[in-house]
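Shared between the two complexes below is chain A, which has chain B as its partner in the first and chain C in the second.
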Partner chain A sequence: MKLSTHVQGEFTVATIGEARMDAAIAPELKHQISQLLTDGSTRIVLDLSQVTFMDSSSLGTLVSLLKMVGNRGDLIIVGAKGIVADLFKLTRMERVFRMADSVEAALGAVAA
Partner chain B sequence: MNILVVDDARDMQLILRRILTLMGHQVMLAENGETAWQLIQQHHFQLVISDWVMPIMDGPTLCRTVRTAELPYYVYIILLTGMSGKQNLIQGMEAGADDFATKPIVREELEVRLRAAQRVLDLEHSLEDKNRHLESVNRSLSAAQQLIQSDLERAAVLQAGVLPSQKAFGRIAVDWFFQPAQYIGGDTFNYFPINDDLLFFYSIDVSGHGIASALLSMCLQTLLSATSELHCLEELDARTVATFPSRLAERLNHHLHYRLDTGDHYLTLIMGVVDTQLEQLYFVQAGHPQPFLYSPVTTQLEQIDCTGFPIGLLPDMEYETIHLPFPAGSRFILYSDGLLELQEANGELITEAMLKRCLQPLMKQPASQVIQQLALKLGLNSTSTEKPDDISLLMIDLC
Partner chain C sequence: MKAMILAAGKGTRVRPITNEMPKPMIPILRKPVMESIVELLRTHGVEDIVVNTSHLAPVIENYFRDGHQLGVHLAYSYEGYMTEEGLEGKALGSAGGMKRIQAFSGFFDETFIVLCGDAWIDLDLSEALRQHREMGGVATIILQEVPHAEVHKYGVVKLDDRQRIVQFQEKPKPEEAVSNLINTGIYLFEPEIFDYIPAGVEYDIGSQLFPALVAAGEEFFGIKMDFQWVDIGSVPDVWAATRKALQGGIHGFPMPGKEVRPGVWTGINVSVNWERVKIAPPVYIGSSTRIEAGSKITGPCMIGANCLIESGAEIRECLISDYTRIGGMATLDHKLIFGGDCISPDGDVLNVSDTQIRWLVDDRRRLLNPRDIHDMMLFSNMHSFYSELLPETETA
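And now, the complex of A and B:
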């Protein structure tokens, strides 16, 4: 799975470089993001702008990561569009996750 | 080592036998390549020391004969040569020789060459051992895989066996399509009458597809059966049925969180009740694809805009019951998102809009024919295309 990370202020921006988020990459995504949390990066912006398809197992993984973050940090989802955004809406996960259109919008909203 | 000395000169044979025997090896003799090859087939020699030029069959030909025979163990071959020059070495190596020694034989040199031979043979031996071990592991794995495969084939029959077979309940007619992505899947559904007026139904998609998902879907069949404790909590009537689907969803969500460890698995569903007396439809949507409702009044198929939290993902979620009129001639169509993961011929994913366009002109036909034609249009029955996810479709008609 392609995942690139960089630090921007207090946040670690993790960008998923895959078009398809499915059962094939969900376990690796969980492992890598939970590793970030273990290493002390608890404020995470997850950029999904390159993702064009997400299945139920990936959504389950995102929720379990959100539970892992809990009260000690943030997991902000940015760049969800098309059927990925539809999936968040259909499952009301847009009410559970903090969501933003872009990394800049997410960081701006946190700063404001 | 068991060593075969091949030389047409009797004195050379004897000198070599003496040197090698003194080193502690067992030695046999042959006077040309052909006799040597016969002996090699009868005995297990680790090492062959062969002269180059001999009558009947020369050293390089013997080398090639041994190599092409692909014996089950490795034979190390040293060619003896009085000739010098690179060309001869290349010929010998091409024939499959491992090493060369020049005549006259010097004992110390031969000792060193034999130690090198022993090292190579030891390596070959350990490789043979490892290969034998891998082959046996491979055989056990194949056997285990075959067992799992036959178990899965059996499980698929059982899973399909729990799906409802009755398709008519008074004024209600039901039909369905079910196809797991692999042998077994996480999709399931059921429907059964609660009393003379009420028909309970659900369509479930457990996240993922495979053994764990399939077992959870079987578990849900039991949890939502007519006799389960989730159901038996209350007597349903025309009044209480209006909120029953959302209450049942909340109870199921609670059960999955606090009673059943589902790991990372959760489910989406649509679950509800048709009241045939009052011609009403009540259902709860928990993250499942938005269903279609055909209205006999407008003769239009509409997608019902509804959203809801999946079950088993987060605790203590609230659900709402959607309430719609369901007059005679109405049709309610539920499906899992596996249908939307299929690709059109151009590689694009099938959209809900496209599904609606496919279904709309078929709405005057009985459910069984609609399913047949839809399956044909979307290539559902073709075994050549791999389905990325389980597919289920449920149609409920009020006549």
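And now, the complex of A and C:
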């Protein structure tokens, strides 16, 4: 799974470089993000702007990662669009996750 | 007068709906558009109708059969072949389809009307026929005036002062359009038209037959008629047509079912706890559907027959086809649910099987498997966890 990360202020911006988020990449996604948490990066912005397809198992993985973050930090979802955004809305997960249109918008909102 | 309904198109702009339902069968509030057309023809005394079919022909033929139930005689002209894999459509084009019927039996032995099976209309056919005869041409095209900005979607025609057609433009830019009169795809013909249609080849009325008439110097006419024309040529069209019908915007459109409270229509055998379901009209609920207490439905909304809307579900401005189960955790906002797809009005398609959300939206008759139940529990836990947290964070 392609995942690139960089630090921006207090946040770690993790960008998923895959078009499809499905069962094939869900375990690896979980492993890599939980590794970030273990390494002390607890404020994470997850950029989904390159993702054009997501299934329930990947969304479920994000849900369990959000549980893992808990009160220790943040897991902010940015760049969800098309059917990815639809999936969040349909399952009401857009009410559970903090979501923003872009990395800049997410960081701006947190700073404000 | 005799008639031919054009029903052989593939309906590529209405995918994925037309993967299993040919365009003329797409319903506006439960009634296939073509059924409304057959009824209109009968109202104006047209009883003998041939339908050319190709893509998903059996869906049309099994629904309308011989037309007896609608008080007309229906016959089908199938365009395609039976192969080892089943039926394989090979459409002949609108004019090619006409020619095939004529070559077969000479069916068109008097003035006849040809129209598409995929638009709801309330055209006064008797008046159109009167004007066609008065003009005396071999063909008459029914025209409609549209705002100049919309001409790019249609075939535009130019008339001379005797209403003769002198020029055609296919989907012109507004600034290049020679008029704002558009071809509605409804035509009146005399049998002599067949002199201009070659046999055994694909041939189109708009792009080939009419230019051939112009080239041959044959007189044919356009008449501007004022009528409602609700096209369902694309997914956004299907969406808009249903909303319009629910809102009473299609004058004379008969609402199905009974109006059980203001702006709320239902079929029979519905199970709704009216005191504990929030419904904002206009809403139609199909027969044998159950709406559980604690769900919320905001119109304009059409819920098909045999559906199950579970407690907690929120449905806003949706079109939901028969036998759909909507789980209690679902929020459906401006969606068409059809054949396992969740379709946005702009055409985005979320397939419930590919995305594995059958635990949330599915065919009501399918049983949940352990995987579905696992996902449902995961998401449900997350919701209850956060709904306890949320009030605190809001006050903080």
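The criterion applied here is as follows: the second predicted complex is superposed on the first by the 112 of 112 C-alpha atoms of A that agree within 3 Å, B and C clash if a C-alpha of one lies under 4 Å from a C-alpha of the other, contacts with A are read in each partner's own complex, and residues count from 1 in each chain.
Everything that follows uses one rule, which is that a contact is a pair of C-beta atoms (placed from the backbone, for glycine too) under 8 Å apart; a residue touches a chain by one contact, two chains touch by 3 or more.
The structure presented is a predicted model; accordingly, all values stated were derived computationally and were not measured.
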Which superposed partner A:82 touches (first chain B, second chain C, both, neither): second
Touching partner for A:54 - first (chain B), second (chain C), both, neither: second
Which superposed partner A:90 touches (first chain B, second chain C, both, neither): both
First (chain B), second (chain C), both or neither touched by A:64: both
Which superposed partner A:72 touches (first chain B, second chain C, both, neither): neither
Common interface residues of chain A - those touching chain B in one complex and chain C in the other: 23, 53, 55-57, 60, 63-64, 83, 89-93, 96
Of all residues in chain C, those that touch chain A in their complex: 329-333, 342, 344, 348-350, 354-357, 359-361, 375, 378-379, 382-383, 385-386
Touching residues (chain side chain A, partner chain C) in the complex: 23, 53-57, 60, 63-64, 66-67, 82-83, 86-87, 89-93, 95-96
List of chain B residues in touch with chain A within their complex: 205, 207-209, 264-266, 268, 287, 289-290, 307-310, 313-314, 337, 341, 349, 388-389
Touching residues (chain side chain A, partner chain B) in the complex: 22-23, 53, 55-57, 59-61, 63-64, 83, 89-93, 96
